[in-house]
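Heads up, the next two complexes both have chain A, just with different partners, chain B and then chain C.
This part shows the complex of A and B:
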């Protein structure tokens, strides 16, 4: 097995008196889809917000390819190759697909200090990315406002790819999608991993997770209570981890 | 149901404005055929120059979203004109009058920008406040009296006419609109303005310097108002402390009429330019028909309400 892209060691997060996360150890590998599961309030979003640089951890450290890092903003995380696709996507519906993919880091040609857009180059690059993802979007100049939910996820994923992200984090990407669109997004997720990206996926849908993930991690009350390769587990076991019915979890919770 | 608004064709807005414009002209022709002469065209374009610059500033501030609006534009025009004239009285060499007006405008606009971005005051309230401060200051500094003494070389430029078209219109209004159009459509800055105007949160997430951009846009609105003040000096030959009166209403109407969405992120400057022409033609026509100025303001106000209503309805229908 290859060395992990990112290692989280003993991550803890406290909001005042509330401990949202404690002692989370996790390895995230390139080319692998890692699913985070857990009940509401288990700490999944808090954990990825720490990875994304949106929250500082109260304790613990993050190591990327052997180098300890400290993020003070989402920009730092992006510079380290971590792209987060939040559930609300953060796209500008009044701009075109290619403008969204490049928003904030446009390809430009400076004339007297004025950054003129290289539209043709941007279009071509986005065209390539969309083809590669097999996203079934023909026109990169179409406004994002005219796209379906799944197509928007594809645009957001394109954006992450274009940032050359090494780790793509997706928080419930299929929560608002219908069946066909969900299929497409799951296929995109697999394709990201095949390209060599590390992918972290949060979902409440267990069958979906079993379809797409290589490894499954369960959070419960701010702790990591289980980590399984998909091939070595089954939905029943995972559900028992989530609900706390599994003997291991019982033992763990009794110990504390 | 898909409520997402598509980008409205600027062509559609331009066509509608042209149609309205033709109607206004036809009505005028019927009511008072003698109105139409080259002189009237020159006057319309001269008034248009001032309104066009101010409306452009208004438009970019609204376009950038965040409930952006600049109610102080009229105050900035009055106060920049007065500031320039008073500075000359205090010994500023006359060749520095143009930069003085522009810099005054920039400073007053930047102050609005600071109130909005640094102190997070709602733009409507912040610029309403500075509107009173700026226009009040212009009156207070002069006691209401017009300030004479505009250098004659400036008048030559300001009153010059080239084949019926005022020179300031040719040398300022047209180039400024062309530049604004190019920047909005063809540069990364333009895309950032549209992005932050439509969805500020996402613009921040992708790293667009939203606050800095907004501060710059309010300052630019001030610069454009300062330029309008300069043109008023060069045309009228004196600095009048109330020269900017009603410009906030008219510029807002022009921006809305020209297709700038009040919530930001949608619209272009071509429509604003056409709307300015329409408004000034309408006003000039009303003046020629001896319609009381109070009524003129009322009509512009009614037009504004009508445009906002149309915008609202088209949103619900789509």
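This part shows the complex of A and C:
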């Protein structure tokens, strides 16, 4: 087994009086799809927002390839090779597809010190990415506000692919998708891992998770309550971790 | 939906309507007043539009970013005092021309510091600054008008280059520069993304703080530039300087199709909005309506346009609710 790409140690997050996360230890490996499960409000999105540089952790440490890192913005995380597809997608509806794919890291050429956008190059690259994804979007200049949920998801995935990320995090990427689009996203998730990317997938769909994940982690009330290799567990066990019916979780929660 | 994309030389529906409204207003006023349709009066309308074209350009950027500045009138006042004092002290007119934009940019920096670093909503922060600056003007002027200023700046800006007045060149250059920044550089994308949603822009890795600072500074500089022309045109600064400027600027820009909630703007619309407003104000004056009524007309236009946009679903009511945060 390879050394992990990212190690999270004792991650905690408090929003005022509310403790959204506490003491989360997790290793994320290259070439592996890690599924993050848990009930609503379990802290999944909060955890990945810390990985994405969107929230500072209240406590704990992130280590990437042996080096401790501190992200003060999503830009820092992107620079470290982490691309995140947020649950709320973070796309700008008023901008075009290609503008969204490159937003925050546009291609530009400097003329007399003024950074001019290289629109044609960006469009071409996005065209290629959309074809690769088989996304059925013909015009990369269309505003994102005019797209369907699945098409928006495809744009968000293009954005992550375009970063050439080492770690791609997807927060409920299939929640708004029809069957065919869901298949595509899951296939893509596997492809990313086969390319050597580390992938974190958040989902409420257990069968989906068992289809693509190599490892499964369950969060409950801000804590990591279980970690299993897919081959060593089954959906019933995972569900009992999520609902808290599993004896291990009961013991853990009694102890606190 | 995307005025910026298709609205530079080809006009969209809103811009055509404004153009037609301008022409209709001109026809109506020409019939109503014998003094109206003269070349002298056309010059008056255009001269009266200079400051508002510049201030409106800055306001358009702020609104497109989801910001606003209700203190532009007093910012122009303070910058005008700076220009006037420099002129009175015998500073070279070419240098005094730069005092306006410089003062404006500094005040823009201060505004940005209050709003961005202090995390105060723009409308509240600039309202507070409006109060502070109004008193500052009173103190600086000592209760008197700054008047009888030397003619140096007036002569400088009264000259023509290739047959066009300096003001026309400056305004054209300012609009061209803003068009390039919005349409051809990352700045424009970032500004519109922030206007769409500041949080999403942040998650996308956009340097939100930097862009917001830059926009307030640019808007301040444009307002200060307006102050330079103001002093050149009137050669005095009165206590109540700029008291209707913010209302005029917001009305003109919103009339022009820029969204009050951000994310969408129109340069051509801003120019047409300013012209329509000034044509109406001038026409009403010439047909005997006291100038006291001008803000009533402007305010009604602003409310009317917003009401129309809500009814025609271009603004959703729920987003209006969010915008108050």
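Operating definition for what follows: the second predicted complex is superposed on the first by the 188 of 256 C-alpha atoms of A that agree within 3 Å, B and C clash if a C-alpha of one lies under 4 Å from a C-alpha of the other, contacts with A are read in each partner's own complex, and residues count from 1 in each chain.
FYI, a contact is a pair of C-beta atoms (placed from the backbone, for glycine too) under 8 Å apart; a residue touches a chain by one contact, two chains touch by 3 or more.
Treat the numbers as computed from the prediction; the structure is a model and nothing was measured.
So, does A:145 touch the first partner chain B, the second partner chain C, both, or neither?
both
After superposition on the shared chain, which partner residues are touched by A:91: those of chain B (first), chain C (second), both, or neither?
Touch partners of A:91: chain B and chain C.
Who does A:106 touch here: chain B (first), chain C (second), both, or neither?
both
Looking at A:196, would you say it contacts chain B, chain C, both, or neither? Reply first, second, both or neither.
Neither: A:196 stays clear of chain B and chain C.
Once the structures are superposed on A, label A:114 by its partner contacts, choosing first (chain B), second (chain C), both or neither.
both
Both chain B and chain C touch chain A; at which residues?
The answer is residues 74-75, 78, 86, 88-95, 99, 103-106, 108, 114-117, 143, 145 of chain A.
Over in the complex, which chain A residues touch chain B? Could you list them?
74-75, 78, 86, 88-95, 99, 103-106, 108, 114-117, 143, 145-146
Going by the contact rule set out above, which residues of chain A touch chain C in the complex?
Residues of chain A touching chain C: 52, 54, 73-75, 78, 84, 86, 88-95, 99, 103-106, 108, 114-117, 143, 145.
Looking at the complex, which residues from chain B come into contact with chain A?
Interface residues on the chain B side: 2, 4-7, 183, 186-189, 191-192, 194-195, 197-199, 201-203, 205-208, 265-266.
What part of chain C is in contact with chain A in the complex they form?
Going through chain C, the ones touching chain A are 1-2, 180, 184-186, 189-190, 192-193, 195-197, 199-207, 263-264.
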